[in-house]
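Look at the two complexes coming up: chain A is in both, with chain B in one and chain C in the other.
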Partner chain A sequence: MIKQRTLSRPMIGWLIFLGVMLVVGAVIPARWGRLCIMANYSAIFAISWDILCGATGYVSFGHPFIIGVAGYTTAILAKQIGMPLYATMPIGIAAGMGAGMLFFLPGLRLRGNYFCIVTLAAMIIIHQLVVAVRSDLTGGSRGLTAVPALFIGMTPNYYLSFILLFCIALGMWYVLRSDAGMTFNAIRMDEDTVSGLGLSTFRFKLIAFTLSALVGAVGGVFFTHYIASIAPGSIFGMTFMLSMILATLVGGLNTIIGPIIGAYFITFLLGILRPYIMGPPRFVAYALICFGLYIAKSRGIYGIVQDAVNWYRQKKG
Partner chain B sequence: MARLLEVKGVTKTFGRLVAINNLSFYVEEGEALGLMGPNGSGKTTLFNTLIGDYLQDSGEIFFREKEISKYSTHERVKMGIARTYQIPRPFYEMTVAENIHVSTVPDKAIASLRRRGHTELEEKLAEDVGLKDHISHYPYELTMGDLRRLELAKALALNPKITLLDEIFAGLTVAEIGEISDLIGKKRDEGLDFIVVSHDLQALAPLVSRVVVINFGKLIDEGSYEEVVNNEEVKQVYFGY
Partner chain C sequence: MSIMSIMSIVIQGALISSLYALIAVGFTAIYGVGRVENLAHGAILMVTAYVFYILSELMGIPVAVSFIVAVASGIGISLAIYYGLVKRFKGNPTAIFVSTLVLAVVIQYVFLCFFSVQARNVVSLVPGISQIAGLSIQNNLLAIMGVSWACLGSLLWFIRRTQMGRAIRAVAEDTKGAIVSGINIEKANVVTWIWAGGLAAVAGIFFASYTHVVPTMWVFPLVIAFSIVIVGGLGSIEGSIIAAYIIGISETAMMMLISENLRGVFGMSVMIAILVIRPRGLLGKEM
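Then we have the complex of A and B:
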């Protein structure tokens, strides 16, 4: 008889995470609270990347495209047209997902590096378009500022970002443990064999992409209304794209929990280094630490924790 | 008897190399067919074409009297054609049970999002092929014989009408060949139709009711095992005398 995997232990973990973070929100100083909010949104973006790239192995350099389209749509509708946020936000999410589908879905029929190139091209094109076309609406290269915010102040924004992160992470964690999640992983390992088992690999890649785009677009919309601004240089820049990939790699690819750990690690690392190392050297130190960690343990911090737990269990007998 | 699978004038080329050359043969319902040929004769290319990994340049392939050339690999598998690979292709980061489980995943978006534990089907299949004690093992912990069993379990999980067994005895010890041969024989007696490729003629002979021999992608003989191994052309291309 095969032992059934029980949900109890992981669910206890999720509940502890929920409880701790709810308490943290009530007691944390504003400076660290703001870092937590940034880490929460970074984690959402990293999970968005992980569900497609970590699980199926289809590496995307164009996730900022989806996030940016969603963010710009809600920002333009809210600020330039004056629509209420309850209308602009769902439209923004739909626009981000729709644009992602339009540009990336044909790319999912491609394999390996070709998909990366398609996604990277989409991001570069949208960056140029936002700057050059209808700058009266998009704000051109300076972007849009004074976009209506959902909430003012650290505490409500902390809880909003955390609840969003928690719901997304739990949902995606569940998906990765479903038959679909198992098939995503099988596609990463050997796509032809998956076809040979009677499964439409395009269908499963489409599921992964849809979920990934949904998470990215939701994150993009809420993040835009948190920082109350959006600019092409920051949203379509390499730094933003690499930070979500780095968070996933440093935390632990294809785990959902890893990107959360990674996002908190890199956000707090930059925050902690700030008083000691100024300017560009801070980013050099940050990069060295992250890549050192990744080279030392390619399964990321999640892998280190897993190994430690296994070692402890073995020691305990 | 009705024809389960029929290949009519199929040609497959790669550039100037003609891998399958105007090949025609059939498999009847309830039949176990052996496919023989020297290395490079086009046996695996033929399997890849039958399953839909390659599209033939010309000719037709019928499955249960339906022309299937326009169907993709996963559609052909759903119709009832399964295969094993010459070099086993397990999912290396999954256990034996999980490897078998992938074969049972519903090819539907919503249904696949539900979480299922290991099912009794996986246990039964693992037991059937002799992998019961290895159900929680990873492929890199298995011998070549067990990897072949896993390939077979994954194919059987699809409940196929016909299974293409590619070099199923390759790389096995004598004892393992005997065990896998017995297993396939048992499955044949339970109603599994198959085409089996093997260079091990001693293992092949008792399993099949008819043999097709190809060389350079062309049919050179077909008939009972005794008939084809006594054919002069087969002797020359296959045995070298």
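Then we have the complex of A and C:
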């Protein structure tokens, strides 16, 4: 008997993921639920990084710039000017994407290593500017607190963050499997060949960048209204930027599923280490663990799982 | 604007520019010879500044001895980065970017474990104040200028006149061609990393005595190195020196005329403008 399959195997996987996470949200204790929310947002940021840097190979160190500009815009409009959230959030997303385009596109037009330098410099400079310029609006180095929140309590925020993550992950997963996604990968492998085939590599880099900035800005806006505060040291700091990159590397570059795994791994690792190691040593420990994992297995946890599945299939014959 | 303030901008700017040149030249040389961006360059400056601070301030060892030990430690870290990260990830630029940056942040956190975020002052290498054209200038800054030119001059002599320097230039120009001509690529790389580390160490010590030591002090030199190197042309040592003076003097002017907070911001703006108008930089050869 031939089994009729209406859903492809990855689709079943996505549905299982959806079902499990929906059930988990109803039963999980608040402390772990809050960790899950943090992990969901880190996963969104990691996916945002992955869609540009994992796929096309153009490493960005400036994603916090996009996320932070989006977050600051909506926070300032909502708190200092008192606009309603349904107006400030789209403006924040547009501002984050616009600022990203303005500063990063000159670097993206060029090949090779310029992009990473431009993005890192943009992030460091915005950190200085936010502290120094118009601190009456931005709150200076202390940032803004008591920003209006979207939802109060763990459960609605859990579902909001998870639904966002699920839609973004599924959408980006489809993009990476489309023709455009194939072209991103081809650009990483050999940009000259791609442009030799008559494709405008800049246009595809622009598509990847726009998607990446959109995901980052959406994540930044919702995240700001979840934690209800924003401060330059945390959003434009090296630690936040590295957590995004390490989540992608630990989970598996260029897979979309990898960053989700990596974000959960890192968030829970930090949450579990918290009672035992305090302050700076905790970050040293965490960075070394993640980096050790990456050096040992550069395809990340996703690669380890893939190898295990292949090994099992081969053994079965 | 009076003649005095123009003089003061030019002199102050030139002094700080010589420090910037010293910061950037190692970064550009490493890019030139191996096409590697060492994002831990700022961290080398920070570590050597701390080594100098610990030896001279906390342990009371004479300044000259501390200076030599600090420079040796800079060379050591530089070689460790080359052998530990850059060689291991050869041909994988993403891994090199990320690993050198992770290293810099890890080093920052290691120092945060032992020293607080509070900035500490370092002993002035050359104490006292001189009068030049009616301006009071710290002897320390004059010493920076002298040391910077001594270092850069001997570096240019080394690169242009010696056999090893010619080999390094050949590798930077065309690595495959250099291999064919029988140049030892490995040796050219190691020599470059050694003197890049040494110059970064000297720059770190003077940068610390000009400002202070703090675990986050590696970020600013890195930004300065970026903007100078892109304005001057990635990989061009002469271009970097010229760009250091352009950026240093115009930044000093901006800071004196508009706001103190613009340090670093200006260099970044020039960098983006250069990327739009002339991506290969002032003296860069090709993209």
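In the analysis below, the second predicted complex is superposed on the first by the 310 of 317 C-alpha atoms of A that agree within 3 Å, B and C clash if a C-alpha of one lies under 4 Å from a C-alpha of the other, contacts with A are read in each partner's own complex, and residues count from 1 in each chain.
The rule is short, and it goes like this: a contact is a pair of C-beta atoms (placed from the backbone, for glycine too) under 8 Å apart; a residue touches a chain by one contact, two chains touch by 3 or more.
What you see is a predicted model; the values in this text were computed from it and never measured.
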Most chain A residues touched (candidates chain B, chain C)
C
For A:Val59, is the partner it touches chain B (first), chain C (second), both, or none of the two (neither)?
second
State whether A:Ala26 touches chain B only (first), chain C only (second), both chains, or neither.
neither
Once the structures are superposed on A, label A:Thr193 by its partner contacts, choosing first (chain B), second (chain C), both or neither.
first
Per the contact definition in the header, classify A:Leu249: touching chain B only (first), chain C only (second), both, or neither.
second
Once the structures are superposed on A, label A:Ile81 by its partner contacts, choosing first (chain B), second (chain C), both or neither.
neither
So in the superposed three-chain picture, is A:Thr183 touching just chain B, just chain C, both, or none of them (first/second/both/neither)?
first
So which positions on chain A get touched by both chain B and chain C?
none
Within the complex, which stretch of chain A touches chain C?
53, 57, 59, 61, 103, 106-107, 109-114, 116-118, 120-122, 124-125, 128-129, 132-133, 238-239, 242, 245-246, 249, 253, 279-281, 283-284, 287-288, 291, 295, 298
In the complex, go through chain B and note every residue touching chain A.
51, 53, 72-74, 77-78, 82-83, 85, 89, 91-94, 97-98, 101-103, 105-107, 109, 111-118, 122-123, 135-136, 154, 158
Report the residues of chain A in contact with chain B in the complex, numbered from low to high.
1-2, 4-5, 174-175, 177-180, 182-183, 185-186, 189-190, 192-201, 203-204, 206-207
Okay, in this complex, where on chain C does chain A touch?
31, 35, 37, 39, 88, 93-95, 97-99, 101-102, 104-106, 108-110, 112-113, 219, 222-223, 226-227, 230, 234, 259, 261, 264-265, 268, 271-272, 275-276, 279, 287
